[in-house]
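Below: a set of structures, written as structure tokens.
Shared chain: chain A. Partners: chain B in the first complex, chain C in the second.
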Partner chain A sequence: MKSIVGLFLVLAILVIIPAADYVFAAGAEPGEYLDRRVVIWNLFYRLMAVAFVVGTVVSGTMIWQCWRFRESHPKAKPTPYEKEGVW
Partner chain B sequence: MKKKEYGRKMGGHSNWPEWIYVGIVIALMLWVGAEAWNVERLVEHVPEGAEVIKVTGQQWFWTFEHEDGTKEIGELHVEKGKAYKFEITAKDVNHSFNIHDYVVLMDAIPGRVNTVWFAPTDVGEHDIQCREYCGLIHYNMRGTLYVEEPSS
Partner chain C sequence: MVLELQKPRPIWQIMFSTHHTDVGLLYLITSMSFLFMGGALALAIRAELFLPGAQIIGDAMTFNRIFTVHGTTLIFLFIIPFASAVGNYFVPIMVRYKDMAYPKLNAIAFWMIPPAGALIWLGFADFTWYATPPYSIISAPGPAADMWIFGLKILGISSVLGAINFVVTILKCKHPDMSIGQVPLLAWSFLSSSLIILVAIPTFAAALLMLLTDRLGVTGFFNPAMGGDPIAYAHLFWFTFHPEVYVLVIPAIGMMYEIIPRFSRRPIFSYNSGVFAFVLLSIVGFSSWAHHMYATGMSFTEKTVFMVGTLAAVPASAMHVFNFIATMWNGRIRFATPMMWAVGGIALFFSAGAGGVANAAMPLDFTTHDTYWVVGHFHLFVMGTIAFGSIGYFYYMFPYVTGRMYNETMGKVHFVMSFIGTILVFFTQHVLGLYGMPRRIFDYPPIPEWIAMNQIVTVGAMIIGVSMAIFLGNMIYSSAKGKPVDAHDPFELGGKYYYPFEQKNPHH
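== the complex of A and B ==
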């Protein structure tokens, strides 16, 4: 449970800090303007990082599942269906 | 089917890691959506006092009209540190107004005025180009943005 709280704390920080950063970066002072190059490319790189992380995790999980739950894996156990022949 | 029996049928494993996995993916998606929404909100907020420049695209050149009525064709002179709001339209077919170096990109559509703003930060010359295929000489529908020191 603690690890879940920690995880969501990390995610919350990841969301809150950039959001606060942008609010200040918007430039409330006259003559101070948002640099759209910085904002847009930052977003692009952050979203690419997220996309690659998600892609790695999802494909990694699938590859691991195929590897771990293959019939020939040393730790493979037959499911009750296979073992008992009852469906 | 009772929970225990279901668990046994499922091979006796718990599925809470799957829910955490699903939760993390959903959280990341929400984060991505929120970030993109926020950036769009900030980028679309035109600052007060931005000078309006009317941009007209036509086969195959760009025309610019400043607030004081000055017109330019194929080149645009602006001042560093000032905000500019482009009001973009087209005379014939669809075009797309693009200043790549400043990440300015907006469609120019006949009968419609689209807006986008930017504030140049450095003195220099930058390419302006059309980013919507608009006919034979689309490839050469270019212009130059000149960012100059403020006059006052």
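== the complex of A and C ==
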């Protein structure tokens, strides 16, 4: 349990620190509308690239495991818990 | 009319019962009725937006009324009552108690919903589900607006009563042999969401009263002409309704925690991380409300705090997703209809969350604010995650309630069509928002990209509409003519589990 919580804390920090960096793209100075727009869309594409990569890995894993661990798969075998009858 | 085929009884005995399964059944039928009513309004909205110009709805005011009642119905009269249905049916069984802690209060909480629904539907207010001030104070026509306010007030009281009942049932009435660490995750989800309700709802209750007295001209809290501030209402509203997002989504995730281990034939990978993630979501839900209001002139520091607060929900949500994936790993998965809905719901939950991360980044929020991106984002949560989890659980509990099995093929057709329709509608709406189409508009300029994408969205909505008609037919037919099942194991999965029909407590 501790290792899982630790893992997710690390992941959280990895998400939050770059996000705090994005905040400063908004800026506070007037007269830079066009530049800021470019920066914002740049951030958008970067963030979307990250989202698509992570999404592809997670979705791909889900699709693969749905295919591999379905009960009709030739290599499917009863789980240890089925033998005990409790899960 | 017979509702529970295991023990046929006239409907009035169920209506006036305080037994938790009867009240759960009433919640179930009411919420599903409102699902179809709210869904019909969604189809009307999409038909109107198929092309620029007025199509089937005569004027903008009627359009505003339709989307106001659509949103109000599906959030307050479908999702929340459906969760209550599941909680009423299963939580006492899971904590091994004879009933809810306060059975009469439970029945009262349910019976507040039909009059509240009647007020909302007979009034047909036009000021959005957010009751946008100052319009809602100065110009929104009565009595529709006042009926909506009273309807929401009643629903708020109903939610608080239900939440008290769940908290007391789980914490104080669980079996003495059962520690809190053994309570199933579905019950944990109800405990978490009930605690959020108890903290969040009173703020909106106060805001509604202030809105009403503003409408009566007695006060001017949110009326700029009397020195009030509509942004204050936004803060009060979102202080309640951003946590409310978690009130909606946490029970749906709890339902997935029931379905996924059962159909994977493996116990949940990490019970403790599931509990931890529920508790974490309940807390961080209160640290992000102002991300709805970046564009209202908040200071840079405030915006930064709420952006980081919003992103804090990411690890908790990810813990659930990875918990589900790890549970399915090495399982022997039966893809019956409930499992398909649950897995589809996880996939869409992840997509919705990714969009939310982009949306929470403050500079990007300014680009997407009040566009169809926002509509796509929250609908992907509400439909793609919450409704998918709920409908999956509806299929799961159907044989326990009726003693009969639904038509499996029709259930799978329902899922496939809904999944495709959901992607067509809500992914496209994200792109439509990036193309600049504002939300809540009755008409739009004939920009070719906007027209094409609106047509894709409308086709997707119609696919969902057809799938829901199949669902309705399947449920009605199967509840009367479906194949009788062995209630010990209706899905033929094997294993020992708690079976609602076997509970020892008689109806009272």
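The rule we apply is simple: the second predicted complex is superposed on the first by the 48 of 87 C-alpha atoms of A that agree within 3 Å, B and C clash if a C-alpha of one lies under 4 Å from a C-alpha of the other, contacts with A are read in each partner's own complex, and residues count from 1 in each chain.
Throughout what follows, a contact is a pair of C-beta atoms (placed from the backbone, for glycine too) under 8 Å apart; a residue touches a chain by one contact, two chains touch by 3 or more.
On a predicted model such as this, the values are computed, not experimentally measured, just so you know.
*Asks:* Decide which partner touches more residues of chain A, taking chain B and chain C as the two options.
*Replies:* The larger set of chain A residues in touch belongs to C.
*Asks:* Based on the superposed arrangement, let me know which partner A:S59 touches: chain B (first), chain C (second), both, or neither?
*Replies:* It touches chain C, and chain B stays clear.
*Asks:* Looking at A:I4, would you say it contacts chain B, chain C, both, or neither? Reply first, second, both or neither.
*Replies:* A:I4: touches chain B and chain C.
*Asks:* Using the superposition on chain A described above, determine whether A:I40 touches chain B (first), chain C (second), both, or neither.
*Replies:* So A:I40 meets both chain B and chain C here.
*Asks:* I'd like to know which partner A:E71 touches here: chain B for first, chain C for second, both or neither.
*Replies:* Only chain C; A:E71 stays clear of chain B.
*Asks:* Applying the document's definition of touch, where does A:A49 land relative to chain B and chain C: first, second, both, or neither?
*Replies:* It touches nothing on chain B or chain C.
*Asks:* Intersection of chain A residues contacting chain B with those contacting chain C?
*Replies:* The overlap between the chain B and chain C interfaces on chain A comprises residues 4, 8, 11, 15, 19, 22, 25-26, 36, 39-41, 43, 47, 54, 58, 61, 77, 79, 81.
*Asks:* In their complex, what parts of chain A are in touch with chain C?
*Replies:* My answer: residues 1, 4-5, 8-9, 11-12, 15-16, 19-20, 22-23, 25-26, 28, 36, 39-41, 43-44, 47-48, 51, 54-55, 58-59, 61-62, 65-66, 69-71, 76-79, 81-82, 85-87.
*Asks:* With touch defined as at the start, can you tell me which chain B residues reach chain A in the complex?
*Replies:* Result: residues 8-9, 11, 20-21, 24-25, 27-28, 31-32, 34-36, 38-39, 42-43, 45, 47, 49, 81, 83, 101-104, 118-119, 121 of chain B touch chain A.
*Asks:* Touching residues of chain C toward chain A in the complex: what are they?
*Replies:* By the definition above, chain C touches chain A via 261-262, 264-267, 270, 272-273, 276, 300, 303-304, 307-308, 311-312, 314-315, 318-319, 321, 325, 328-335, 343, 346-347, 350-351, 354-355, 357-358, 360-364, 366-367, 494-496.
*Asks:* Would you pull the chain A residues touching chain B in the complex into a rising list?
*Replies:* That would be residues 4, 7-8, 11, 14-15, 18-19, 22, 25-27, 30-31, 33-37, 39-41, 43, 46-47, 50, 53-54, 57-58, 61, 77, 79-81 of chain A.
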